[in-house]
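Letters A, B, C and D mark the chains as written, and numbering starts fresh at 1 in each.
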Amino acid sequence: MTEFLIYLATTGGIAAMLALSLNLQYGLAGLVNLGQIAFFMIGGYVSAIIVMLGGQTIAIGILGGTVAAALFGILMALPTARLRQDYWAISTLAAAEIVRLFFLNTAFGSPYFGQAFGIDGIPQPYRRAFTEAGLTTSNYNLFYLGLVLVSLLAIFLILRWLAGTPFGRTLKAIREGDHVPLALGKKVSGFRLRAMAIGGAVGGFAGALFAHYNAFINPEYFVPIETFIIWAMVILGGAGNFLGAVVGTVIITTIYNSTRFIASFASQRDLELTPIIGFIFEPRVLGPLRMVLIGLMILLVILYLPRGLVPERRRRYGR
Amino acid sequence: MKHRLRATALLAGTAMAVAFGAGSASAQQAVKIGMFTPLTGASSVVGLDMQRGVELAIARINAGFDVPMQDGTTLTVGPGLLGAPINLIVEDDESRPQAAMDAARKLVEVDGVAVLIGEYSSGRTQPVGQYANENQVVHISIGANAESLRDIGPYFFDAIALAGLQGPQLIAMAQAAIGDVDTFGTIFPNNPYGVGMEIATCAAAAAIGIECVSTIRYEEQKTDYRPELNQLTAPQPDAVAFFAYGADATLILRQAFELGVDAAGTWFGAEVSNWVADVAAIPEVAEGIRGVEHAVAGELYETQYRAAYVDAYGEEPLTVFGAFGYDAAMLAALAINAAGSTDSDAIRQAMHEVSQTYLGITGNLAFDEDGMRMFQDYGEFIYTNGELVPYVAE
Amino acid sequence: MLQVVIDGLIRTAELSLIAVGLTMVYGILRFGNFAHVEFATLGSFLVLPLAALGIAFPLAALLAIVATGLVGVLLDRAIFRRLRSAPPEMLMIASFALGIMIRESVRAIWGPSPYLYQLGVLRPIRIGDFGRITPIQIGIIVAAAVAILVFHALLSRTRLGTAMRATADNAPLAQASGINTERIIATVWLIGAGFGALGGVLVGLNTQVKADTGFALIVEVFAATILGGIGNPYGALLGAAIIGFAESISLAINWSPLLTWLGFEVRGFVFIPTGYKTAIPFAILILTLLVRPQGILGARR
Amino acid sequence: MAAEPLLQVRDVARRFGGIVALDGVSLDVPAGIVFGLIGPNGSGKTTLLNIITGFVRADRGTVSFDGRPIRGLPSYRIARLGLSRTFQSSRCPQRMTVMENMLLAAANQSGESLGAAILQFRRVRAEERANLERAREILATVNLAAKVDELAGNLSGGQKKLLSLAQALMSEPKLILLDEPVAGVNPILVQEIGSVIRSLCDAGRNFLIVEHNMSFIRATCDRVAVLDTGRLIAEGEPDEVLARENVLRAYLARPTAEAPA
């Protein structure tokens, strides 16, 4: 049980980084990025390739994945100056799919490295040191959880601090439209570019951490629906507040995994469920219903609680 | 009334508390076997079939069963294992690799299963196999057969032979059926299995001087495959190797039919039973198509599996993978029985031994030193009048 | 090559109906409704229970289309109407969530396996040596053409059409000149969702009925809409044609003569790999947005 | 040699589709005064403002500010030259507080660059403190001091106009362009805004105001120019210009427009 909670906390922590990254882009800068998962994918793939084919250390791999995703963020941001937000949103979805198709159809060296096969046997940081020191896999998992949580905390603090700087303030102004910031002399496209670069870096870093944790990635991990789950986390938690993104991640992860337990609880106890409840607990119904539930929560939040569970904080200057 | 109250409390109550309490509550002496399978999402038909196959085997062991052996004898196992009924725990992996990992982790770390059974998708089997191996839990794949699975490690076993074996068979079948074959085309899904099949088939073809003139990889779950079919037929290959999962197969065969492709004459399918259930609504589009399938249609299969399956579930087996699930579960039970404990290393060693003696309903399951199934009989079949029947070359 | 034209035509017929519906709602409410493609899915599924009751297919399809149109109106009342003054990105996200809800509800109710309309498969008709088309496909093209023509007549010849165009051009002005804009909006949802449903039924007729039908087309449909210029139904038709033909033509071009001419050593046929098929509409979309963001028929704002 | 005008517009023209919005407009805005630009609806006032500030491109003509040609420059560059503007519907970011809006408007903030935000920590903080002080002063002059922590979206229409004006002041511009600063504002606040502008002008600020409210124009502006259908038809002292026959006719020709009162 503890092991499993550690696992959930680790993957949840990585998801929270993605939510923080999206919160910077959407919550702060108002950028509707529907291709967030592309950062995650680029971070993971680039890091794995640098380490496994380039023979570099894992630290360099993670750095490379982070930088590559940041560069992709800049690439995505380039047309923003000219495009309407809704057009831009759909083109980010398209861009993420092109990235996925690239990795799906490209072999790196051997036909079994890349393509649909993905990459397996991705090395894990300090893994050998743990084995040599006689420590168990559980110890290692705990170490990785620590690594993820420390990174998450660092990212959280950095982004929250950034939001309070004049840079972050300008992003907040941009999210309500270009005109006022432009009239005040802010180079809006430059700010968007930097927001996407930082968002990309955070997303890529998370992807690299995931790849080295999971030791296996393939294109199936990076389909568009995964972006939606991150969106659910941000909207639910409250766009604009970094704590909200983390809260949203915790809630969505919990819903996602607790439905699994409820179903197995129901089947293990052999409950004589009423027909309707029994119908709901059939896996072929429960799986889709989980997504319906997440969608419903987003709608309810937008309709009745537009600022999310943890609303954006106002910085007070009054004396 | 009491049940309804409990069910209501279940829905209303806090999800986490109820949920996490559940796992530890049912800790008996029973041997736990965990299964992850796609009950939702794109592969859910196969997923359900695999679950049924595994359930059939476990139910038999729990009732006590005379397991057939290769030497003609039987071995009585059960009722139950190690003195208690087996507790089979099935988790949905939603046809997503991340959910497969969630499910496997939950089975190992929360439920503490002795053996993990699961999946026919190589993309979902691979990460779980790596994880299980690292945590020294025996993992038996039911039907995943990408070549890359061989290297996972000593705790990983595969109840199906790797894809490479099918390629040469398809080519041999094409040669026998239409004689002079100089060029080949392939159309496979763009997933680990499909690409693996393409590589294996074209390599086998090249070895005997046949050229693969078109190699089509299609994305699953799309609404149109006409451009793919046009590319496939443009170089006019003498024969075509193809594979598709149920829903996609129906669409591809239908569109091929509508485009006037001579599929009955030139197409040779891999694992053709995959789409038999799906194509039933429009059988004419598949009429006369030939192909290979794991030979599961023997007498043992008929008497021990198909009849019981129809009895239990009221319909014919949905796919061929249920039978492999049955064999995987039988192997797991036999190995635990032989090991006399749920110790992973004991099970792992016993697994090799029992695989040499057990007579599976899908044939001889003997593992090689990597835990990969060595032999696989592929039968040749033809789809005609709405069913798959053994094919005899004229 | 003829076959490629036929394929492109069929694809255009299916895409254009869904895109026309999307562009109408887009034009009036000024947000990209990501749930729109799910009307296609919903419509194609609603035919099933009706057909199971023994209702003849054309009538069942009509009822399903009307029902989907009403669902569109209801969703607008329940959700989007409350968000009229919300920023467009909020609406986009709401529609994205709504789309998932519709899609997954369909999956929960009808299960994961695809369905086929019980019309059977008809032998193709040969056109010359290289083209084949089935009677159903001819029907699809005709149905789409008729629907578009009827829509054109509605838009250009009726008072309702004038009011719709006026509302799309400038909603406050339309309201000021006595048009009941909320009623026009409801009508647009009815027609838009209905067109989406018709497109879905046609896709289902030509292929199969499955929960992913709509979402599998989302980028194609948005690309067609944006290509043609948001709010312009004729543009959406043109955009659908471009996307529909681009997919079939670009994958059908044999590049080997060109490559040989360029001095590469090539054997046999060289095509764009089908693994990249889904990237084609994406690439067209991105290129369009970069070169002409207002779309081909769109007016500069 | 006469002092060069602060803003010089020469022969600026712009068409939208087939419609002529501006048809060769030339205008000099000198320093030290409040300059009014009036004209009936659709006469091209806002288009001219948008061209001056770089939000719309002119088809031809030149614009120079403070002796520098600025036509074709991106709007943020023009703003940095000291030309600050407000918008008709005063859309200052609604989800930011009044003070955040003010701090946003300060020019040359080193904390806007990522590198400086990280490396020049102290400098950024000192700047913030100075900006905060200045923002408080400005808010006091426009009577918004009590609303420091209020979200801009919660202000009344008139207060939003004042905030826009305060924001424009915050960047210490050489010229402030106000687009309808009193439209939809109650009469008492109109007077207040007028007197704030007058006193700011006396303190050395320069204004170009586009407005419909004629009594406000009369009371506030030192000089007005009148646009009609994309052409400049009059320029001079407010009282004199507003009495001219062609100006009256331009307004009367349009039933919906407010006639000069």
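In this text, contacts are C-beta pairs under 8 Å (C-beta built on N, C-alpha and C of every residue); 3 or more make two chains touch, one makes a residue touch a chain.
Note that this is a predicted model, so its numbers are computed, not measured.
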item: Set of chains adjacent to chain A and to chain B; value: C
item: Chain located farthest away, centre of chain A as origin (C-alpha); value: D
item: Chain nearest the global centroid, as defined over all protein CA atoms shown; value: A
item: Chain A-chain D separation of Cα centroids, rounded to whole Å; value: 43
item: Centre-to-centre distance between chain C and chain A (centres being mean Cα positions), rounded to whole Å; value: 31
item: Geometric centre distance via CA averages, chain C-chain B, whole Å; value: 37
item: Residues of chain C touching at least two other chains; value: 107, 111-112, 273, 275, 278
item: In chain D, residues with contacts to at least two other chains; value: none
item: Multi-chain contact residues (two or more partners), chain A; value: 104-105, 176, 284, 288
item: List of chain A residues in touch with chain C within their complex; value: 26, 30, 32, 34, 79, 82-91, 93-95, 97-98, 101, 104-105, 176, 225, 228, 231-232, 235, 284-285, 288-289, 291-292, 294-296, 298-299, 302-303, 306
item: Footprint of chain C on chain B - complex, ascending; value: 40-42, 44-45, 190, 213-214, 216-219, 221-224, 226-228, 230-231, 234-235, 246-247, 250-251, 254-255, 257-260, 278, 281-282, 284-285
item: Chain B contact footprint on chain C (complex, rising order); value: 3-4, 7, 11, 107, 111-114, 116, 118, 120-121, 124, 126, 132, 134, 137, 203, 207-208, 210, 212-213, 216-217, 247-248, 251-252, 254, 268-269, 271, 273-275, 277-278
item: Parts of chain D lying in touch with chain A, wherever the complex brings them together; value: 53-55, 74-77, 79-80, 84-87, 91-97, 99-101, 103-105, 107, 109-114, 117, 124, 127-128, 132, 148-149, 151, 167, 171
item: Chain C residues within the chain A interface of the complex; value: 31-32, 79, 82-83, 86-90, 92-94, 96-101, 104-105, 107-108, 111-112, 218-219, 222-223, 226, 273, 275-276, 278-279, 281-283, 285-286, 289-290, 293
